Amino acid sequence: MKIYSIGGYSEVGKNMTVVEIGDDAFIFDMGLYLPPIVEMEEREKTSSKMLGSVGAVPDDYGIEKIRSKVRAIFISHAHLDHVGAVPYLAYKYNAGVFGTPYTIEILRGLAEDLIKEDKDKFNNRLVAVMPNSSYEIKGKQTNYKVEFIHITHSTIQSSIIALHTPEGIIVYANDYKIDNYPVLGLKPNYKALEKIGKEGVKLLIMESLYADEEKKTFSETVARHMVRDVMLGLDKKAVIVTTFSSHIARLKSIVDFGKEMGREVLFFGRSLKRYVSAANEVGLCPFYKDIKILSFKDQMERYFKRVEKDKNKYLVVCTGHQGEPGSVLDRLSKGEFSFKIDKDDNIIFSTRVIPTPINQANRAMLDKRLIKRKARIISDVHVSGHAAREDMRDFMRIIDPAYILPSHAGLQKRSALAELASEEGYKIGNEALLVEDGSVIEI
Amino acid sequence: MKIYSIGGYSEVGKNMTVVEIGDDAFIFDMGLYLPPIVEMEEREKTSSKMLGSVGAVPDDYGIEKIRSKVRAIFISHAHLDHVGAVPYLAYKYNAGVFGTPYTIEILRGLAEDLIKEDKDKFNNRLVAVMPNSSYEIKGKQTNYKVEFIHITHSTIQSSIIALHTPEGIIVYANDYKIDNYPVLGLKPNYKALEKIGKEGVKLLIMESLYADEEKKTFSETVARHMVRDVMLGLDKKAVIVTTFSSHIARLKSIVDFGKEMGREVLFFGRSLKRYVSAANEVGLCPFYKDIKILSFKDQMERYFKRVEKDKNKYLVVCTGHQGEPGSVLDRLSKGEFSFKIDKDDNIIFSTRVIPTPINQANRAMLDKRLIKRKARIISDVHVSGHAAREDMRDFMRIIDPAYILPSHAGLQKRSALAELASEEGYKIGNEALLVEDGSVIEI
Amino acid sequence: MKIYSIGGYSEVGKNMTVVEIGDDAFIFDMGLYLPPIVEMEEREKTSSKMLGSVGAVPDDYGIEKIRSKVRAIFISHAHLDHVGAVPYLAYKYNAGVFGTPYTIEILRGLAEDLIKEDKDKFNNRLVAVMPNSSYEIKGKQTNYKVEFIHITHSTIQSSIIALHTPEGIIVYANDYKIDNYPVLGLKPNYKALEKIGKEGVKLLIMESLYADEEKKTFSETVARHMVRDVMLGLDKKAVIVTTFSSHIARLKSIVDFGKEMGREVLFFGRSLKRYVSAANEVGLCPFYKDIKILSFKDQMERYFKRVEKDKNKYLVVCTGHQGEPGSVLDRLSKGEFSFKIDKDDNIIFSTRVIPTPINQANRAMLDKRLIKRKARIISDVHVSGHAAREDMRDFMRIIDPAYILPSHAGLQKRSALAELASEEGYKIGNEALLVEDGSVIEI
Amino acid sequence: MKIYSIGGYSEVGKNMTVVEIGDDAFIFDMGLYLPPIVEMEEREKTSSKMLGSVGAVPDDYGIEKIRSKVRAIFISHAHLDHVGAVPYLAYKYNAGVFGTPYTIEILRGLAEDLIKEDKDKFNNRLVAVMPNSSYEIKGKQTNYKVEFIHITHSTIQSSIIALHTPEGIIVYANDYKIDNYPVLGLKPNYKALEKIGKEGVKLLIMESLYADEEKKTFSETVARHMVRDVMLGLDKKAVIVTTFSSHIARLKSIVDFGKEMGREVLFFGRSLKRYVSAANEVGLCPFYKDIKILSFKDQMERYFKRVEKDKNKYLVVCTGHQGEPGSVLDRLSKGEFSFKIDKDDNIIFSTRVIPTPINQANRAMLDKRLIKRKARIISDVHVSGHAAREDMRDFMRIIDPAYILPSHAGLQKRSALAELASEEGYKIGNEALLVEDGSVIEI
């Protein structure tokens, strides 16, 4: 069995890993590297060429020779660093793209935004697989069963992917948290995880982000209490909340407490529209009827005029949690809408700053503008969607693989996961594998 | 009106502020500076002389001339950096010491530990004042009413102290948080706070610790959910939890979930015994019947032998959350008891490292020893007991004082609070006052 | 005597302090706040209106009523955060602008870049005062002597300004370092400083930047040895150095070692041209004959073509040390010139990242692009131009003022200098004064 | 060829690597892990048992089976984390210990301090090899040539060790810097390094400490100018300098400028005595005649009395640069000598704080005590003795090995060197090898 670490091994982002077994090969995730995109000014016109030139798309040159062997592309969940490159890259492979219904729905939306040239190319079959179900993939000589096992994360219908091969099971766990009290949906499917753990896992590919934090990541229920605490403590003036657009559970809490405050809930921004509509499409947006989603300029303006008149009647939920230039909150801070943020309006960041220099700069400049308007800022109303060290240890023990391949970060961060694996008896360099983008290893 | 900033204005700790009005003077808090005490090796023999020589006791030289004017010593709450110096310093003043019943109970306990020489001196009258009640103090020419207004903090029966004087009300708010969902006891007494705000506050003395964090401090309910999430996720092996000994609400959560796990709850350590027994004494320890408290060496050993035999039958709650040398957890990490921490035993820190170099070093060394024993460490299961910037703004607005005196930190930290005051219309240097230990200002 | 802290007391930048004595008033510095300018995209068109709207120009509203009293505007040195706002603001005052010849020369250059509307207004008399000489200013009832005392800093002809008034001397020390081994020019004029110290200084206004660093700032000679060490260690491939354009001494070292390497030295960029030409104009650019300065696009291209052909024959000195978008190094990193940075070309940053989020982001992105081109990056070949704590203590002792006003930073940074003053016997709030932008104090 | 990574691969310290080639094996370095020793209170009684129990001695269990194959123990230089474990561990091997004369001299001194039990065991032959010379080691079937190639570092007579084997050359470069302007001794022996590079190096074992710093480490000449700048700027009051005791070049600069100040130079402390006397023993202490070294309590007291009387006649050089409890500076700060540090005495740290929590706490507490005495502190008068990223790249290119094994740090730090190697064309996991303490790899 050969593993090609195409992307996500030298950076946080553009996840893509390929496994070759005899005559067949399988791709896990095809994500974008987002920082250069944040830098780019006019997002709407992004073409594959443009994205490629700034290094946002995984470089799949290393698997050129086995291109014809690829039988399927498996997508773990709906975040752009996992699914975002599919529309630009999948066309090179004669293979279907598999994901849960929500992931596939998001993928369809992304495809619609393509420029004509890219759209014409992208014709892969898109296959929605229900969480906790499996699918049979035809290989050249043998068939493969792939399972999409339900896991908790900061978006819905995230999966641990288990590919059953003649050489043992390959488990792809990128990204996940272990949440026993989720706000929306079910707990992790421990039963299924334990079952494959017992059947015999050859390789576990697993995210490394917080492997160096001696912690357990708290449940989304903790975040819900944080949101409640902050929101119900406010009464007058505007209340504006921003969070990850794909974080449907968090949005549910925000909407619930917005209603408890007696405010009408308005969502502003294209990205919110995309993720929330898709959630509704697959029947997983319980608050859909309670909100209005506004994304076109005129539409937003019309509603912002109302907000301006009766600030304390509305809850504004909008894009811009990382201070992204062009986001609704960014433009609000610059006074580009009819609704003008002013003294004592409340800005709640139900997120944390993802620690890249560009995000930190964007957020710092956003804060400065908000403070100049005398707004009140409440930051870090948030619990992460990624497992911490002790969750990872538990997970590793359940899966009990022969090999572990830390993924989704540069070498220095991943080595913390390798050290954890070493504590659990995996020898670094032998069974705990450290590679970089573009490596090939055989196990 | 003259204000003497005796202690807590050049460091975090040894809080002591004196207000002189005509012929009368009043002391607010008499706390210890704890870092040099952590360094000292044999705590039990601490005498006033020893503590004085290392700078742990406030230096009250600056008020020598007005010593005879002091009519009362008001203590805000039971933490050592607020009450700890009373047994060593109060004897110099012919004045009663006033606090809530819990605070006074703790003070009595501290007094019992004094060496004979100090004990003989300390004869001040100790007056327990119920939360949300007031007391009349006789001045030379006029009488003064002091109110102890209930506030939430990381120990029970904490107070905002309001002293009514002919020149206006003085409000002492050091320390506090704004918790609308407390786990034990009531919400802040907003009514009383608003009332004095309307009557006219001359001076607000207020803690500054997190004035630079653009946040709201979450409720203790959030911490309770964190504790639940972590504890109920564990099943086998030893479970050891450490937290602030005076944090009765946190301890309640820990005990509750320990019982839900079906474990017998054992408390180990002198400091836990002190604070928990005192809470019980004043009728505020709802879990007292559910636990065993062990503090003598033999007693602890007897119970640790049982724990060693049936690790999964007990929940161990112990001292040592900052890695203090000599604490129970410190000694467990060194293998000094019959119960030996080993592979997969769980150590939960329901606290955060108070960021001084000595704490950080102690904790780092503790962790290293625990990891060597292959224990699992879960850190930061905690929510702070101190208000953050936006809480402070709300509080300031309720009290609406003429002057603000930031306290409880060095100048750099306090200046963040001064800047907040400036945002609220107080001119720095005029109404927002920045002093240092040993200053005198007149307003 | 009244002091108006117009700018540089709530941020690092836009320095401007006004002193009013009876019927006369004097302005010290009129600088820009640079971060919003870095954000702005098309610098060349900057008008006073634009700069004002983003908060880059000091807000002098607070001295409107005493506008007619202003007799002179003193500029300490040629950096933009001290002189940059003169062309936009000075026209409001019927007063000459005084500075050393280099400072005035830079000011003239800035004035030439103004848009017509601003240019028409700016008609103040510009007076060049030689370092270590004095000038008589006519007041309403009395005359004032102003001295420009030579001090070392990261540009040439920097001055400590001493204004002799009937109420005592006012000393303005913003910015400076204490360098006993300068690479260019003389040591600080200790004699003059000691003299005014003995005559009796009422007020010392002094920069605070590194007041919290328990250090002495090393001499520029140390930086020269760093530059030598790095440059002479290179032999092949391109060598590109970037540093502060106004740092003539550093540029001298770079040119000297460039020549020692046997390379032809080329300067690229408008800002370099401005500062170096001005230095030559006043006879203080000893290396002027050894370099070529290129600033127009065509000119730069012509020379970059030569560099591309014979990389090892040239030393490229260019703008962009903070990764500023649009700077020469920024554009080189993006491949916008004929000369393409590639494998093993050397980029030397003879500077440090000024720690604002936008600089950090710009630099991080610049580095990423350079690394992608496989360039070698050598950072931090630098010694600061600002005094550290122990230098400040020495300086304070020489000047021995009655009052100290820390300037040139937000309150938190300035309070470190206040604490130093407190160690030296100045009471914070009494003689060590902490204000903010827009305060007025009387002493 | 098998490589055993015994120590220094999971921590900074206790360096020990073993290479096995057929019937023969060789040990490179046998160092101590110092942090637990700093924690221990009574250093003088340290026995092998004690050191072993706290994990200070490398765990050589992994090479038990090949113990009889060990033909030689090579020591790179005189620092304790490289040579310090020899007296406790070497006795297990029937092999000589090889090092430069200075290293061997230091080793002899260490041996004298052993408790009897350990002393009786330690009987290995000690062989002093001149820098830039080689030695023939007898193997079972073949002979091996070992070269000690001169390299610059923060102590004298440091070596790159090159072992010529039938399977290619093994190069051990742990620790080193690339200093072209050393203050004492010669530049690195580039000629010899280039020669082995051309002959064919199989494996390069190399330190990783600053692999993530995009810099070149400056020459010791830069440090000399820093020292000069600081020292010659002082005139009155006591001057106390502390630095690494083994840093003979730095000490030379300090002595030189002490003499230039017209002060008598006194060295205080056992560790200084050890390293300076040994340097003199091997003829490499040019300033030996200019100083007095005092290490016994009485002797120190006698001289401290003189210093107390005439503070400005002496330069005090003493131990304690990391704030080590029990060091001379630590005891001075506590007032344990006749010479009392007081107002305006100068403490120069010609060192930086080695960033471990225990060092940081020790130094913070030391500083606090010094500040309480109103001493002036000047920190960071220092240039590192370790190569930075760009030096490492140069070094790698000269040696041009087939394999690279980053050493001397935990996995996270070492992975930065692995990434550098990857930039230079070594595939991580294949030719750039990441292991941990106790690994075995075959190449």
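Of note:
As written, the chains take the letters A, B, C and D, and residue 1 is the first residue of each chain.
Throughout what follows, contacts are C-beta pairs under 8 Å (C-beta built on N, C-alpha and C of every residue); 3 or more make two chains touch, one makes a residue touch a chain.
Computed from a predicted model, the values in this text were never measured in an experiment.
More C-beta pairs touch across one of A-D and A-C than the other; that pair is A-D. When the CA atoms of subunit A are superposed on subunit B, the rotation angle comes to 180 degrees (nearest 5). Mean C-alpha positions place subunit A and subunit B at a centre distance of 41 Å. Chain geometry summary: the mean Cα position of subunit A and that of subunit C are 45 Å apart. Annotation: 47 Å between the Cα-based centres of subunit A and subunit D. If you draw each protein chain as a dot and join the dots that touch, every dot ends up joined to every other dot.
Remark: subunit B residues 178, 180-181, 213-216, 218-219, 221-222, 225-226, 229-230, 232-233, 367, 374, 376-381, 390, 393, 423 touch subunit A in the complex.
Partner subunit B is touched in their complex by these residues of subunit D: 39, 55, 356-358, 360-365, 372.
Those residues of subunit C lying in contact with subunit B across their complex are 212, 410-412, 414-416, 418-419, 422, 427-429, 433-436, 439, 441.
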